[in-house]
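To keep things simple, chains are lettered A, B and C as they appear, and every chain counts its residues starting from 1.
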Amino acid sequence: MLQTRNLTRRFAGLTAVGGVDLDVAAGEIFGVIGPNGAGKTTFFNLLSGVFPCTAGEILFKGQPIHRLPPHRIARLGIGRTFQIVRPFGDLSVIENVLAGLGARFCTGVLPALGSHHRKRHRDAARALLARTALAPYEAEIARNLPLGLLRRLEIARALGLQPDLLLLDESFSGLSHKEAASLVELVRELRRDGMTILLIEHNMQITMQLCDRLAVLDRGEKIAEGTPEEIRRNKRVIEAYLGQEAHA
Amino acid sequence: MNATVLGQQLVNALALGSVYAMIAVGLAMIYGVLRILHIAHAGIYTAGAYLGLLAFRETGNLVIALIVAMTAAALLGALIERFIYRPMLARPRIVALIASIGLFICLSDLFRILAGPHQLAFDVPELAGRYTAGGITVSGIDLVILGGTAAIFVALWFVIRKTSMGFAIRAVAQDVETAKTMGIDVDRSVSRVFMIGSAIAAFGGVAVAILYNAVYTTMGDMIGYKGLALIVIGGFGSISGAVLAAFLLGFAETALTTYMDLPLSREGIAMLMLVLLILIRPQGLLGKA
Amino acid sequence: MLDAYTITILSLMGIWSIVALGLNVITGYAGQFNLGIGVYMGTGAYTTAMLTTAAGFSFWEALPLAVAAAALMGFITGLPALRVREDSLAVLTIGMVFVFESLLVYLPYFGGPLGIGRIARVSFGGDAVGKEGYLLIILAALALTIAATLYLKRAWIGLAWESVRENELATSVIGIHPARFKLYAFTIGAAFAGLGGVLYAHFTRYVTPYDFGFLPSIYVLAMVVLGGLGTIRGAVFGACFLTLLPELFRFVQDYRNLIYGMALVLLMLYEPRGLLGDGSFVWRHAKAAATRLRALLWHGRQYAANP
């Protein structure tokens, strides 16, 4: 589904991401972990086209996407959430989700002039809200929602384009135990429906229970890859994390 | 063209650039710490001119007049920051921008109401003397401008680079959160930036008023808008960029108005430079991409 | 009918409402700071002025061309706007309106600082339209503009605009191309402002470069912000209010800038969403009152049905 070869991003003399090779198979839940500042979010930004890469390439379903702008990559089937949530604050929950459907229903100048109040659009939005358990909050203004709901809203919005690959950037951060558990369920459901998921996460427990495979980044480089069990026992990984803790 | 004319133009351009630089420096510093386009800064500039004139009329002493003007401007700047901008920090950026525009419009009209719509003379006989060297004639006020600007920049450089106050200001401009964790009193630093910037603008106002022997309510308008153009051209957040842009504009204006006949006012020239530069290099001359 | 003075005020209120609605599309819906709406209003005004005086066009013939010219200007000025972020955009638009005003003053074709005068009266069906007739034309244009902006807000393009305004990055990762929609906003907003400009030109029958410079642009921004940025009711209310105010209180005329300036500052401090913006004091109470009224009527009906 997704392959990166020698993916590199250098910026102002620093190598944020250095020569990362990755292979994510379809239908996998793949985790990207690593100590703070390891370059994980930069990696996601490269995948979704937010940053241009300095070297290397990204192949999505066999197609190179590393030179494409974010909106084209999204339309090809990659959705993402953000580490610090970016909801459309002034809009209601259902409008946020409708925006996510926008690119699906609106592919040219004329369709852009169609109303988004039509029943089938609203129904599609409501379906997504139901899927992410946000239905009761439909009319709430996004900026008034607590973090847990906002994280789910971002996912609901990202699902609008029916992505084949979903990038979740620390979507479990700041969630209560219950919220995290229900989100884990949602992620598993999405995978059951055929989605491939790539996630960045700090919470080890969640990562270990959710992911099929993991890659570990440290200072921009991939230092390990494998199943959760393998990673847990990997000496280099432990050192990398301990190094962090010594400074913490 | 011969050397003396060129030399003369050079002096003019430097003087003009210095005045622009004085406005631009304050604007750049304020933008650096608050990320606000302080359009009302031009109002401080004009206030400085009026206050300087008032003080000069009362005391007959230019030095005292300058001190009064700069101190009063610093106070005014601090009040504006405290009561108008600080409450708006949590709001979307357009709020502060509109407030600044409103404040500027209000101030301009206030000057008209308090001091009358007519132009006032700012005559300082001691500075009327002209000094000639190598064929170039420089008036006393030109010397004050050039000398004052140099002195101010040296002092500013010293404060920013070598004092703890300057360090605090730089930290806040870099990253407010980090500065707070370092124990820096952000509010105080911001307030100081406003005071310093406003005082410098007031100096510029007095200097220009003497130079053209005119104090009038709209003298800040064009300077204000050009000042904004300058911090964009220089690159947001870059003081040296703003100063560089200021001198470039001074030179460009002097050269273009003397030697070419463009269908633009002097303001138009500044703005055209702005528009062109943004197209070619959106991050400004010395700005970060 | 109405006296001449009232007609004049209503006409101006209508004209400025249309321009304000144009700015509302660019800055209110799409969130693109624009401190130079005068460029588009001026393009519309000068185009129709030149076409009707020098080229013998009639108002009706010049109208679509002038609006199209304004839209084109919107598009052209929108292109550099794509490359810059918020603050630079504000300054860029200030720069553009200054250059625009400057060019109008200094280039010979535009009549210089005195502008263009003796602009033709509007005629309909062979007869010159009187002041009342022209007011009707203005109101018709206003109704059209309101209907159009309302429609756009409810269309996908409106939603895309609001997404761009709220968070440009999030908009791009859901497949919407921010630049494309920003250009739409500039073009369409400019068209409305241009329409206002055309109506203005044939109302005053005399246009000068200073009618469309920085300060007039700020006045329009003040109208939109005062009423409520991003709302149609806000733009119209703000335009009407700020047109009416100097007339109602003569002293306001003398202290115009002082009061406007202070009002803007106070507004930004205490009610940044505008007087009629969502969540403002006035609007919330108006909605609450409307809800109570509806409940009252409904209960009243219920009561009448089952005494």
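As a working rule, a contact is a pair of C-beta atoms (placed from the backbone, for glycine too) under 8 Å apart; a residue touches a chain by one contact, two chains touch by 3 or more.
Given the structure is predicted, the values throughout are model-derived calculations rather than measurements.
Asker: Looking at contacts between chains, which pair has the highest count of C-beta pairs?
Answerer: Highest contact count belongs to chains B-C.
Asker: Which chain is most remote from chain B in terms of Cα centres?
Answerer: So the chain farthest away from chain B turns out to be A.
Asker: At what distance in angstrom does the C-alpha mean of chain B lie from that of chain A?
Answerer: Computed from C-alpha means, the inter-chain centre distance equals 47 Å.
Asker: Return the distance between the CA-based centres of chain B and chain C, expressed in whole Å.
Answerer: About 33 Å separates the centre of chain B from that of chain C.
Asker: What is the distance, in whole Å, between the centres of chain A and chain C, each centre taken as the mean of its C-alpha atoms?
Answerer: Each chain reduced to its C-alpha mean, chain A and chain C end up 41 Å apart.
Asker: On chain A, where are the residues touching two or more other chains?
Answerer: Chain A, residues with two or more chain partners: not present.
Asker: Once bound in the complex, which stretches of chain C touch chain B?
Answerer: 27, 33, 35, 80, 83-84, 86-88, 90-92, 94-96, 98-99, 101-103, 105-107, 214, 218, 221-222, 225, 229, 255-258, 260-265, 267-269, 272
Asker: Can you check the complex and tell me which residues of chain A touch chain C?
Answerer: 48-50, 69-71, 73-75, 79-80, 82, 86-91, 95, 98-100, 102-106, 111-117, 157-158, 160-161
Asker: Using the touch definition up top, name the residues of chain B that touch chain C in the complex.
Answerer: Against chain C, the touching part of chain B is residues 31, 35, 37, 84, 87-88, 91-99, 101-110, 113, 225, 228-229, 231-232, 236, 262-265, 267-268, 270-272, 274-275, 278-279, 282.
Asker: Going by the contact rule at the top, pick out the chain C residues touching chain A in the complex.
Answerer: For this pair, the touching residues of chain C are 151-152, 154-160, 162-163, 165-167, 169-178, 184, 230, 278.
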